[in-house]
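In what comes next, subunit A is part of two complexes: it sits with subunit B in the first one and with subunit C in the second one.
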Partner chain A sequence: MLKRFSLEPSRIALNLAVLLIIALWTFPTAGLLISSLRDKNDIAASGWWTALSSANVNKKTHLKDMVDQVEKDGKFTISGNVFEGADAVSGKVSAFGTKVQAPGENAAGASAALDGGQSLVVNPDGSYVLSSPTAFTADNSGIRVFYIASQPPRFTLDNYQTVLFSEGIGRSFINSLTVTIPSTIIPILIAAFAAYALAWMKLPFRGLIIAIIVGLLVVPLQMSLIPLLKLYNAAGTFMGAPSKTYLGIWLAHTGFGLPFAIYLLRSYIAGLPKDLIESAQIDGANDFKIFRRVVLPLCFPALASFAIFQFLWVWNDLLVAIVFLGSGPDQLVLTGKLNALLGSRGGNWEILTASAFVTIIVPLTVFFSLQRYFVRGLLAGSVKGG
Partner chain B sequence: MTAQILYAFITVILGVGGCFGYFYGSNWLLDKTFPANANNDASAVRNLRIQGNIRPWLFLGPAMLLLSVYLIFPVIQTIYLSFHDRAGDQFVGLANYKWAFYDDQFRLSIFNNILWLAVVPALCTLMGLIIAVLTDKLWWGNLAKSLIFMPLAISFVGASVIWKFVYDYRGAGQQQIGILNDVVTYFGGDPQVWIALPFWNNFFLMAILVWIQTGFATVILAAALRGIPEDTLEAATIDGAGPFKIFYRIMVPQIYTTILVVWTTITVLVLKIFDIVLTMTNSQWNTSVLANLMFDWMFRGGGDFGRGAAIAIVIMVAVLPIMIWNIRQANAEQKGH
Partner chain C sequence: MANIKLTNINKSYGSHHIIKDVNLDIKSGEFIVFVGPSGCGKSTLLRSISGLDQVSSGTLEIDNAVVNDVPPSKRGIAMVFQSYALYPHMSVFENIGFALENQGLPRAEIKQKVEAVGELLQLTSYLTRLPKALSGGQRQRVAIGRAIVRGAKVFLFDEPLSNLDAALRVQMRMEIAKLKRDLPNTTMVYVTHDQVEAMTMADRIVVLQAGKVMQVGTPMELYENPNSVFVAGFIGSPKMNFITGKPAEKLKAKTIGVRPEHFEFSKTATDISGTLDYTEILGSDSFLYVSTSTGMLTVREPGRTQFKTGQKLNLKPIAEHVHRFGVDDQRLK
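Let's turn to the complex of A and B:
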């Protein structure tokens, strides 16, 4: 135990190695999150990794010209602020100069002597005073000034506002929920009953049915797409209904999720103590009652595991959604929308990063809050023979 | 939008209610038709036996129906379609497979798929194993594992956006906003359009899947590592085995089956890989894989279901050995009970 906290070089190296791997793993996501909160001009101008430090930017501006001069006590002054103007930035001036070779010649607040007895002061807040003993003329006013401004990091929620309300991400969010929630709930119940039957009830061909379900676990989704598409089209024509409906995709996700659901729940339910089931049987309870009263409450952890899996899988699915749902705003789910945005808004990183973060925030929340069940399901699903 | 939420809500209630209704109703009907508390013992016993014969099928019914419609029937239908023409009417024998064999795009997809299969499962398992071993002895190991595990919750499309940003390209001399090109230019290299580099772009796409799946491998392998008896490790340490020797002489052999399971699970996933290629390159720059090729043939020019089905069968055949192995494992496990 003591060894854990010792400062041997090998321990330090170990910690550093793990830190490095973690940095490598989290950097891409961090980049997405930080970028989505930045101003869209900033995203295009500098890397997201510079977002947290105040950036020093070199800028130039033209001071006001002779029409703005004020005469007072025989001295002529022009005053203003370098941050005013078309491509102005905000921030804090650290230095300024009038020559392109030396843009930071003078510290902010100091007075710089210019030609013809003029002097210029640029304060940190950007205000400046240009003074001269003689009246300004067209030749010696409106001069160029260079300055170095340090900009504090700027963060904004504007990108989120844009994608949620004018890019259609908000609508797609609702569509995704519409697809996901029923597709998660429906298979649980169906699978739980089937799993109980396969675990504890006497029935012929039980081994065969289990073998088929295990086999179906790895059947590529691609195998099902063409026949189901044909089936849906035929059913749609037959009933005079559209072939792309939410009902259609719920059933599809239920069907595709069932093998894993039954497999996971069966191995859990089969592991319940035999005495429990038998004593309930002796008490005269039939299987329906045993399932409802005894088994269902006990297999809550397994149900939760599966629910998380199915939720993540359906929420993150793209293929099933683009095959079984339309691409109109009333049916396009988040993954499909994001894919469409990648095509149409390829260079607009403020749109893409914010949209992507909206799509991943739900699974990440589910993941971090219910990680325990997720891991348990993962272990049960893959280590036990699968 | 409100209408949609309402519609969704009502259908959830109806669907779930329907499920409950079915299970309650059918069981109630069974109990009523063959009452267990019948007048005489003989008929009660007979009724109980009939109940016992019918009830499992009531439980299994909906699942079997859905599995048949959504998986079993389609598999058979796809096999059938793969021997038929684009609309599925005319029998064409092996023509679709023959076409595939000579089609450049198909060959490229097979080649890319094999490349993915060779790299991704191996890299994920290896990285997972290394991270599992490294974090095993750290007091903040669980936090570290969570962070590496996190991408598993992110959709392939979301991950593609994340990585497209990493790979973003600006012309030489401009400020790079993609971190990879920034690092490359920092060390004096030229910025590259990573996802358009012939051949190597495949590896940049694979990196995304490795990033996602390493967490999976880590968690499974870490659990297996914890299962190794402490005594074994202590004995090896006392015998003077160094950390590397312990790793490949004791740890790896002990968790060999788990490594195999992780490997095959990721292999199955890689065979079906679709979203990443679609969103990153849409099969351009020679990155096509089988699933994407199949998708193209499903919809391109009104769709050619025969060719699409033939490609699906190729994916299926590749999965078949794993499927058979799984079934044998499951059967062995059942006999063991």
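Let's turn to the complex of A and C:
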């Protein structure tokens, strides 16, 4: 038992590295989430890490004027609440003052002596009493009061409501899903078949085909983008299809994703025990059946890991989307929309953080829902020692 | 009922000639064991019969029909793999029923057949489990169940017991022998490197070496009349003693072979004498390792030996049990 907890240098280094990665990943994400849930004034006033502590804000207000004065026992008072009025905030008054140079001169609840024998008390709840031995006149009423209000943390979903429904992020979200889901599924379908054939079927030039596919892995996307677009447009013109459609971008992403998909799945499928495939052959299954009933269920972890790769890459892609899709509201994807927002609403942090979080919520969901397939050993129990 | 006939079978991988001109006639309902050291081509020969490997030349007949170009599933064979090769994502029921499913049988019939096999192999309570939740012996039984359920005419076993521990191996050996009794019409071909399995289970044993058939015969034929030094040395445990030199020349042979149990002790000096190096006492038998001028000899003595290590022993082979081999290592008539 003791040995388990012994501090080997390599373990310490490993644990530190893991901690570092967790920190690098968690802090920005948490910051983004917290910022997007805060009030826009709070975002401007303080950083997200202060979101849970109360914020102090300096405010000023005009007290009520002579109309509201009340006479009682020969004293005249004006009472009210500093939090009333158009520019009001909520919270707790911690201090107040009547001079702009000293807004926190008097503690809340204490009485401050003013000119002409007047005195002012502002309570923590914002209520105030201004009293005077003589009647208030137009000259000495309606005075300005400065106060420091400490506000409890406020969280709101308003930012999300704004970006989803007024800024067009909602629509772009749908557009991104429209691009991403078929662009993930189509290459998997093609690649799984290809991978099985290249791993287990006796084909002429099999080695050559595999070599070509591996070669295609290193072709930079930027190099083939424009020729591909011209080819697609020419074919589209020939067949009477418009140039910027979802079909076009599905095909483009499929093409760019296939070499990696085939490469990844082929290595995985080729690593399945030979006995399993042969056993299925003897059991009378044809290649299609072996693929569907034996290989496909067993290579689910590989399919899942490729699906994650492809989904994230397509979801985060801007370049291919710009080239193959238009920029109208019905085609602009999230990355393009974010880019546009940065230009038009660059100062509005509440808009940008909420938009950014809407953008990463889907990749996060995909990753967390499929990540268990990375670790699960599906082959356990099939062969000796499994 | 299916016989298997191999005529001039050759198999090469590139320049490697694995199976060399094998001729073999396996009768219907026979339990044949291919035995030989590793790399002798016994598994390749089995795979050729199964159709997983194509033969390079020669004719392969199953049930009097040439099957050289018939795919494995159409040969009427079933195979049990060394690694069991169970489908890990399917339950025991699905594993056993997979072949029937491929034949397109109705669900009810599959269920009935699988349950019958499950009962035969005492797997009834495990039918819904995944292979990973089974022990080694149970997995092996599922693999055998897959073969039985199809009603195949020929069963091929590729070292099916080599993954099991010793106790379980003995038990499964008995179960396979019982299976053979229950399915008397099924031809079984069994590959092993373990000569004990071969001796205990086979109707006939085929001894292979370097892709060639060395001898075919019943276990007792091979034990009593091995036709070469190789077979003589391979069959039997402990190994047969081979003696060259003066004692062999006396019998007009290059080598004589004497099994450990076929020695007598002599009071007077003999041609073969030496000192007792080491003894193994097993209770029922004792094995004596005697260092002589022709090398180390193993002698088996029933019961507990009274000889002490270092003692001088005079050994005399029992004449009628001496095997004589010529210069080509073949048996002399």
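We adopt the following convention: the second predicted complex is superposed on the first by the 333 of 386 C-alpha atoms of A that agree within 3 Å, B and C clash if a C-alpha of one lies under 4 Å from a C-alpha of the other, contacts with A are read in each partner's own complex, and residues count from 1 in each chain.
What we mean here is this: a contact is a pair of C-beta atoms (placed from the backbone, for glycine too) under 8 Å apart; a residue touches a chain by one contact, two chains touch by 3 or more.
Predicted, not measured: the structure shown is a model, and the values here were computed from it.
Peer 1: Looking at A:Ala17, would you say it contacts subunit B, subunit C, both, or neither? Reply first, second, both or neither.
Peer 2: In the superposed model, A:Ala17 contacts subunit B only, not subunit C.
Peer 1: So, does A:Gln281 touch the first partner subunit B, the second partner subunit C, both, or neither?
Peer 2: In the superposed model, A:Gln281 contacts subunit C only, not subunit B.
Peer 1: If you stack the two complexes on chain A, which partner ends up touching A:Arg293: first (subunit B), second (subunit C), both, or neither?
Peer 2: Only subunit C is touched by A:Arg293; subunit B is not.
Peer 1: I'd like to know which partner A:Leu157 touches here: subunit B for first, subunit C for second, both or neither.
Peer 2: Neither subunit B nor subunit C is touched by A:Leu157.
Peer 1: Should A:Val219 be classified as contacting the first partner (subunit B), the second (subunit C), both, or neither?
Peer 2: first
Peer 1: Which partner reaches more residues of subunit A, subunit B or subunit C?
Peer 2: The partner that reaches more residues of subunit A in the superposed model: B.
Peer 1: Do subunit B and subunit C land on any of the same subunit A residues, and which?
Peer 2: 378-379, 382-384, 386
Peer 1: Which stretch or stretches of subunit C touch subunit A in the complex?
Peer 2: My answer: residues 50, 52, 71-73, 77-79, 81-89, 98-99, 102-103, 130-134, 139, 146, 150, 163.
Peer 1: For the complex, give me every residue of subunit B touching subunit A.
Peer 2: Spelled out, the residues of subunit B in touch with subunit A are 1, 4-5, 7-8, 11-12, 15-16, 19-20, 23, 27, 31, 36, 51-52, 55-57, 59-60, 62-64, 66-67, 69-75, 77-78, 81, 88, 131, 134-135, 137-139, 141, 144, 146-158, 160-166, 168, 175-179, 182, 211, 214, 216, 219-220, 223-224, 258, 261-262, 265, 268, 271-272, 274-275, 278-279, 282, 291, 294-295, 298, 305, 308-309, 311-313, 315-316, 319, 322-323, 326-327, 329-331, 333-334, 337.
Peer 1: Give every residue of subunit A touching subunit B within the complex, in rising order.
Peer 2: Contact set of subunit A toward subunit B: 4, 14-15, 17-18, 21-22, 25-29, 31-32, 35, 43-49, 171, 174-175, 177-178, 181-182, 185-186, 189-191, 193-194, 196-198, 201-203, 207, 209-231, 246-247, 250-252, 254-256, 258-259, 262, 270, 286-288, 291, 312, 315-319, 323, 330, 335, 338-339, 342-343, 349, 352-353, 355-356, 359-360, 363-364, 366-368, 371, 375, 378-379, 382-386.
Peer 1: Please give the residue numbers of subunit A that touch subunit C in the complex, ascending.
Peer 2: Where subunit A meets subunit C, its residues are 273, 275-276, 278-285, 289, 293-294, 297-298, 378-384, 386.
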